[in-house]
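First, the structure itself, so that you have it in front of you.
Letters A, B, C and D name the chains as they come in the text, with residue numbers starting at 1 for each one.
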Amino acid sequence: MSSLSRELVFLILQFLDEEKFKESVHRLEQESGFFFNMKYFEEKAHAGEWDEVEKYLSGFTKVDDNRYSMKIFFEIRKQKYLEALDSQDRSKAVEILVKDLKAFSTFNEELFKEITQLLTLDNFRENEQLSKYGDTKSARSIMLMELKKLIEANPLFRDKLVFPTLKTSRLRTLINQSLNWQHQLCKNPRQNPDIKTLFSDHSCTPPNGARAPTPV
Amino acid sequence: MSSLSRELVFLILQFLDEEKFKESVHRLEQESGFFFNMKYFEEKAHAGEWDEVEKYLSGFTKVDDNRYSMKIFFEIRKQKYLEALDSQDRSKAVEILVKDLKAFSTFNEELFKEITQLLTLDNFRENEQLSKYGDTKSARSIMLMELKKLIEANPLFRDKLVFPTLKTSRLRTLINQSLNWQHQLCKNPRQNPDIKTLFSDHSCTPPNGARAPTPV
Amino acid sequence: MSSLSRELVFLILQFLDEEKFKESVHRLEQESGFFFNMKYFEEKAHAGEWDEVEKYLSGFTKVDDNRYSMKIFFEIRKQKYLEALDSQDRSKAVEILVKDLKAFSTFNEELFKEITQLLTLDNFRENEQLSKYGDTKSARSIMLMELKKLIEANPLFRDKLVFPTLKTSRLRTLINQSLNWQHQLCKNPRQNPDIKTLFSDHSCTPPNGARAPTPV
Amino acid sequence: MSSLSRELVFLILQFLDEEKFKESVHRLEQESGFFFNMKYFEEKAHAGEWDEVEKYLSGFTKVDDNRYSMKIFFEIRKQKYLEALDSQDRSKAVEILVKDLKAFSTFNEELFKEITQLLTLDNFRENEQLSKYGDTKSARSIMLMELKKLIEANPLFRDKLVFPTLKTSRLRTLINQSLNWQHQLCKNPRQNPDIKTLFSDHSCTPPNGARAPTPV
């Protein structure tokens, strides 16, 4: 995509956000991969909505793109695993272990084996390295602090963490400019041009009524 | 939202579709509630993605808005229930019955009781009215034919079923028009104007290099 | 079995009970079908051990032997069903409905349909006839009072509810009598006969040592 | 229990077996702990009825009585675990691991860790030591061959593996002997004594009818 095309996406993001089309904003952030909304990411992680967290990330990186990405996905899935264990749901924990964490065993077999052993403890806090694990809320906060560092260090997220500075409603402004441009081509310009639609170019014709111009 | 604002959403929908930001398209359709994409709806229903089907519909109507809407949600949930029964998952079926279908019992208690009784049959096709139920694929098709009629008849969907006719890339066209308008305000217009950004208005200034104009 | 054979089973039941072989006692009661231990039955029903309750009953009657038996099994399974509903386990409840209660639908279809409907209530006490249902403990007591009446009225249990009057350790007494009988056939009876075994007949022979006679 | 009391239990076991009170036979074997029925044990193990297998064993030994017993229980539970894994039921496998196998971790932590790791394999046959594991049927046979050796070597089962040699219906014979003994005490012995009951001693009295003597 050309850089102006890319900028258009940002204008749309601003518009969608101003119109409170919240889900659309994040879905476009993810599908375009142009802007990583750290605030949204933290919100979802704090809420434990792991499917959405991974889905959102997938717009920017795959698990094995580089070691930062690997660690990011690993930390998320490890947290998901520990939470299942903490709620005594071994059934769910073993599924996470096999479906989500096994992928990392080729990179660090020892660690994966240690993580597997946690299944057999009454409380994984018996493991020395997890002895300081508090409750879910605090654990997610600690995980997020780590994830933020990893994302900020990850080359794939460079330049995607700061939303460009824009005047309010920039897209609307440009649309109004285009209407102005259309009107100035009118052979018989009316003082109050009748803008009916954006779908086709405006043209002032004699029989038009005097409807107040409604800027976008 | 003013009608031009509404039209801008359609231009954005077209843009997102052209750029293949598929999920964003449908999320915006749902959040704005301006256009109901029947093709997408049918696709999700055929795939049995009931959560998304109901989520998409929720952008246009609630269960009890009118009798068409009630019947639409009822038919979807009834299909979900029958599919659970058909795959011998009584556990899932009874959850659907209580969570999704019970809401309709106040409107038609007899029907709800009949539906409840299906749980106890070896094969719900023993029930006379369901004796012609074929397989999942055909049942979903039959359900969709019914849903299409209900949606087309439902006042809440009036005027939302046809996407307006637009020239290709209408939004890009308008953006280019706005750039033209910006440029014509330049005091010292260059022959090949240097459009650097959409984020702030263009201005030709003497020391600008000759970068090829990249229309959007 | 001849009546003396039958009596021998009672002597064995008494012996097993005196020796505290508790499970063997009840298994023999069930397999012979000679004596229905009401106290044991109540104990198991109070404990909600439904599998054992039905297994024990099966030594005396099948579900459809007569209307008393049908009602006995029906009341037990209905209680099992209500307890599953009361602990919010609809999954378990619907399995009980289909596996255990459906058999009764041919005899009383209306009742079976009513029972099925209970699945859809937030609390089955909303049903008028179950409004007085207290907690599990009291419900089981009320059920047991009903079951006792049905068992006492059921012809299949006639004469099986009262354990015959026996002197303590009657079987041991008879064994000792048989040893006396064996000894009196001895050609050279010793004053203190050496009873080595029950497995083969005793016989006093000169070289036997003077081991104290150990009556059984 | 005196040795004659013990022998009486064997006579009862023979009687119950002759009368085909099968469950009572094995329950008495287990509760008395006098005779370990290898044939029955193999039958239950072949059928994968693990609860009954462990229940039956519990009449003879506890898990940690000696190293033979430990290995016996370990092999059974390991087989149960492997079967759960083989049927893709990781949920069940992890429960067996924690409830049944964890007890052995204090004795062999390395082995327990290895067994835990099997949860993460697609097919536990990927583990070198289990590569020869065939199907359930053959695995159970191999396990049983091992269990038989362990039981035969286990001091707690010494002298309990062979049922004593008895003439058929030895208990009935002794009962008949006791009736003979009772009759010979009769002051006015009838030629065909009337044996009414085993519950109280027989006595020939003048007004007795001539019912054919029914030996037990």
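Just so it is clear, a contact is a pair of C-beta atoms (placed from the backbone, for glycine too) under 8 Å apart; a residue touches a chain by one contact, two chains touch by 3 or more.
No experiment lies behind these values; they were computed from the predicted model shown.
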{"item": "Result of counting contacting C-beta pairs for C-D and A-D, higher pair", "value": "C-D"}
{"item": "Chain copies touching (chain B, chain C) - same or different residues, decided at half shared", "value": "same"}
{"item": "Chain A and chain D: spacing of chain centres that average the CA atoms, whole Å", "value": "64"}
{"item": "Euclidean distance of C-alpha centroids - chain C vs chain D, Å", "value": "21"}
{"item": "For chain D, residues that touch 2 or more chains besides their own", "value": "none"}
{"item": "Pairwise touch network: line, ring, star, complete, or other", "value": "ring"}
{"item": "Chains that touch, pairwise", "value": "A-B, A-D, B-C, C-D"}
{"item": "In the complex, chain A residues that touch chain B", "value": "1-5, 7-12, 15-16, 19, 21-24, 27-28, 30-32, 164-167, 170-172, 174-175, 177-178, 180-182, 184, 195, 197-200, 214-216"}
{"item": "Of all residues in chain D, those that touch chain A in their complex", "value": "90-91, 93-95, 97-98, 102, 105, 112-113, 116-117, 119-120"}
